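Labels run A, B, C, D and E following the written order; every chain starts at residue 1.
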């Protein structure tokens, strides 16, 4: 009963926050509501026995996305020179009513469909459980991500790379200093915080990576945590945007994709199929590469800069 | 319900109380500074109580240690962010009206 | 079909609807992106709930799908935000149909 | 070892993209060569293998179907792969001049281009619904920055609109995938059929409907086409070519896959093919009329894409070998012709400095080769002989006739007349002379201009040659006809 | 597929395609190379056709076959009808090329003009040697494509308006043919042209389908042949340069339409089937109406070229009329008119072009007394006009004689009335021109106007005019000797029907 109450509270919270996100008085508060929405979503994931997702949602869905949204809001705000406080534009009623109705209908039909779905044996999932031991890891999600459906993960890295490449295309002509920039004056506390939090984020990232084999965690969550450390360094002016992407940065950016592909291709000459994992070590190797790529890509996306360097 | 659970529940409930108090303060207090006051003070304590409650409930030194780290990190984050927000708010306020 | 599953299914449906509503209503691109992300969250929730998350450890395949989906969503959002800044830079407005176009 | 060929088709461009991210000029060159030049070579071997052995599956990682992801190659996939290799290759050659390796533009362009190539190859080979979602996203996220590379306000706005709609489309698609996975317990396109046939319910129907909506949105099928014209018209030339010739086809390709392979024949959703046909007909007429009304060359061509996509949906209810041949041939010839037209339009835009039809007088003097390519492409688009487009139209008409679909026949004919209208409108604008007595001032075309025009001309000639080489192509294609479409 | 000796018809087509491509590639400059190419291509083509003619006389046969689609072949062959049309086209092309070089060498966009000019002839050759209806259609549409740039060549708004009208008619016509073709294909498969047709076995039960198909195809071909309701593009297309008009009227477009009608009646349906379905009568009536209507309208034109254009509308329908009447004599009349009308009409157009180029004369009033200023051209014009009217022993008379005799033989005497009426009308609109040329005084303004064509250009323009006029004359004078068009047609019709 308590469990159900908690679920109900979470559910109501999610719906309320979603509504606030949509109806927020201004864009800024909408973004804040969305971040909180993400956090509550991660509670929902935990309640739904999906701790991997809870971690990912908190770190990526709420954390990184939120940071990206906020920094963009700031950039747009700064560039536009006016606070986009337009709020909810009042569309005419004849447009609003049908759309609201359509949305409601969609909800109803979806809910109905979902509720009446017959309980099919989830063949792929069952098989994943059964054959997990062959993978050498005990976290089934990691098993699927890097074993059974490793190809998805590989292409997903390509998507991330494409996002960065795309951002680089459109951000090319941005004036320098689009980054938040260093703090105007050094606050002593900030240094203390950084000297603690950044190493810890590294530690946590490595821990999540290592734990991913048997417990919740993995490259994505770890990468996001590491990226959070990087974001913090950018925000506090410890890192600033460089004009060029350095060679090391380039290598790290493609590391995940390149290592993943190479390991996948490695077994081909031995007569093994593509993406057959030669062992658990390969999974960890790939995950390490993924983690580094993910973290750097996310930080660069946040900074909207070709590269980063330590501030002088 | 043994003693361990009773203590744990009590700690958790009181933690929740402080959280609620902090939230009420956030919503009801008039300006940034008093809101920060309510938020940081009450929430840090609430976090401590909840961490303590969980530690008692689990009864494992390792987890207790981890929870302690969590509390310390939360404390640090709250301190720094509260400090930064307060500074910013102070800069933005009219010097005449500074508290 | 447990009560928990029902609750989260309804949540997913509601959030999706709100997302659709927000997408259609929003004029600012940032808001549209938020609405799309809400819809994405709703679909992920649906996937996991249908995958049996309410009863116990859910089917790992949907979990992997959602994890992939979250990363793709953040990639797409990040690119969209970069494009938004560029749009602002190029057209002087961060909206697709600026007020003067009405 | 034909299986490795599939891997190469996906991973060579992918690794090529990685190489082009690196800062050196040689790495970019190497990446582009490895990722693009290798494709036709691989495809020749692959084609021979398909002819010899027929279609086959390849389980990635050795994990068989319901658990792992399979690749599937059959004649249809082969056709699409060839188009990626040839059209993408020629467009890349055209892009080589504007986006040289070693320049900042080149450094931005080639990784995305190679990712796009890899994504399309992966998409055409994938047999897994969720993997297709990832592929679709990769295609979108690689294609849109390429549009934005034009850097104009219009292109950025178009890119943004495309992006938002594409994201929405992906979500709707994903929703359908979620429902289908729940209903069938598998994501494999071809395994799903059996389960679907056994358990039929509104859930799967709705799932297919959602997937269709998502795909039609991505494929810019009328009335979900709003994003297309500006996006395709404002992108750099080679990008427009690939967008119109290949990228929008990915969605249509998936509609074919789902409706002709996955969906069981007795499923009520099969009725949707009639709706597709109606949409196709509407697209054909609407796109044709709007193309007639445009004032800019690239917009005319872009609206023509909206119209021509209609043909590809019109075929769906016909379900015969002829219809199958028609669809395949339309895919091929439209791809070649449209890419040729966009490349030519890019050259014209470059030479004239504007692509307003009003500014295009005396093009036969100013950019003769590009105009010729444009005209040849136009001939194929109109479906006039001798061209691939003509054979496609002939097959379409024949298929419609066989099934006794008079209305369809009428729409097809009307569509081709509209196409003739807008193509000849372009040509008339290009042959116009502002002052009939004006002395000629034939500008010598620069060697670079000639080479760029040559690429457009090459594709246009291929579209023309497609009007003669149909027999061997169709022979391969026939073997890949979906069940129920093969010869009685 | 066979690319050897057998594929000669293919090479005849390809020569012109290659010429066109080379001309396009050469660009605007290099006039001499272009001229050499043009003439070389034309002469080579003519030589090949003569070769083929001889080979066919000695019993050889030519066929090129290539599968375009399953069950659908591209067939190029050479039967007697092919050779009739091909010889005419090749000969007139050579002459027209000479004329066009003289006519246009000073004006802009020559490369474009001659390129499409060659392409146009390639399409005409394809039409002539098409071995089945599908192939015929391919080249028929190609012809549309290749002639449009010629029609709009001057690049003026009027030219584009005429081009639009031309396209509207011909493309819709093409669509009608396409539908008919698809239907026929579904019904009968892609069978080759065979004298007497191949549809007779299918007739039972499919009468109405066949009738509809016939009407569709007839209308489709009728557009280019300028049959009655579909003729109005032709006079408008007169804005094109004179060689183009000559090409359109005498060699390529209109003839392709008429040739299509001939093929349709003779080699697809077969006259017997067409007659038994009542279709021949429809065509005959339509053709008869066009004959009269075109003549009446020609009478009302004051612009020389427009008058000639309506004259074409009227005269080309003789071909359809003859074929649709049926029977040996009428068919001979119709077919031989393919040649006779071509020779005569091209003479007239060349003359009109000479007047326009030489003295800027466009309208009929300006012809007064021009016999003195441009005697050679005027003699040719007079010959052409007499030929058109059908004054014996000129070519037109031969046609009309056979048509009339055929009508009697076929039991359709009303056709004689049509011919008589048409002849009277012909006389009514041509004789005044002749009268003006020779018997009206030359106005002073015209007498003082300098002749704009001189020297080599004069030779290039007047030379071909004289040649075609002579050919038109000889075709009539020596109609009875072996080697004449009439002789050839009689052998063809008599030997094979």
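The definition used in the following text is that a residue touches a chain if its C-beta (ideal position, glycine included) is under 8 Å from a C-beta of that chain, and two chains touch if they have at least 3 such contacts.
All figures in this text were calculated on a predicted structure; none of them were measured in a lab.
Student: Which chains lie in contact with each of chain B and chain D?
Tutor: A
Student: So which chains are sitting against chain C and chain E at once?
Tutor: Both-contact set = D.
Student: What is the chain whose Cα centroid lies farthest from the Cα centroid of chain C?
Tutor: So the chain farthest away from chain C turns out to be E.
Student: Could you compare the number of C-beta pairs in contact for A-B with that for D-E and name the larger?
Tutor: Most contacts of the two pairs: D-E.
Student: Computing the C-alpha centre of each chain, which chain sits at the greatest distance from chain D?
Tutor: Greatest centre separation from chain D goes to chain B.
Student: When you average C-alpha coordinates per chain, which one falls nearest the overall C-alpha average? Tell me, please.
Tutor: D
Student: CA centre of chain D versus CA centre of chain E: separation in Å?
Tutor: About 43 Å, centre to centre.
Student: How many angstrom between the C-alpha centroids of chain D and chain C?
Tutor: Centre separation, chain C to chain D: 28 Å.
Student: Would you mind pulling out the distance in Å between where the CA atoms of chain A average out and where those of chain E do?
Tutor: Taking the mean C-alpha position of each chain, the two centres sit 74 Å apart.
Student: From the C-alpha centre of chain A to that of chain C, how far is it in Å?
Tutor: Here the centre of chain C sits 13 Å away from the centre of chain A.
Student: Quick check on chain C: which residues sit in contact with 2+ other chains?
Tutor: 16, 33, 46, 50-51, 61-62, 65, 68, 72, 75-76, 79, 83-84, 86
Student: Hey, what residues on chain A touch two or more of the other chains?
Tutor: Those would be 110, 114, 117, 122, 124-125, 128, 148-149, 152, 156, 159, 162-163, 166-167, 170, 173.
Student: Touching pairs of chains, all of them, please.
Tutor: A-B, A-C, A-D, C-D, D-E
Student: What does chain A use to touch chain D in their complex?
Tutor: Within the complex, chain A contacts chain D at residues 109-110, 113-114, 116-118, 120-128, 131, 147-152, 155-156, 158-159, 161-163, 165-170, 172-173, 245, 247, 250-251, 253-254, 257-258, 261, 264-265, 268, 272-277.
Student: Under the touch definition given earlier, write down the residues of chain C that touch chain D in their complex.
Tutor: For this pair, the touching residues of chain C are 16, 23, 29, 32-33, 36, 39-40, 43, 46-47, 50-51, 61-62, 65, 68-69, 72, 75-76, 79-80, 83-84, 86-87, 90-91, 96.
Student: Give the list of chain E residues in touch with chain D in this complex.
Tutor: Contact set of chain E toward chain D: 24, 27-29, 66-70, 72, 74, 108-109, 112, 137-139, 141-142, 144-145, 148-149, 152, 154-156, 160, 163-164, 167, 171-172, 174-175, 178-179, 182-183, 185-186.
Student: Per the contact definition, I'd like the list of chain A residues that touch chain B in the complex.
Tutor: 187, 189-190, 192-193, 196-197, 200
Student: Contact residues on chain A for chain C in the complex?
Tutor: Residue list for chain A touching chain C: 3-4, 7-8, 11, 14-15, 18-19, 21-23, 27, 30-31, 34, 37-38, 41, 44-45, 47-50, 52-53, 56-57, 60-61, 64-65, 68-69, 72-73, 75-76, 79-80, 84, 86, 88-89, 91, 96, 99-100, 102-104, 106-108, 110-111, 114-115, 117, 122, 124-125, 128-129, 140-141, 143-145, 148-149, 152-153, 156, 159-160, 162-164, 166-167, 170-171, 173-174, 178, 218, 220, 294, 298, 301-302, 304.
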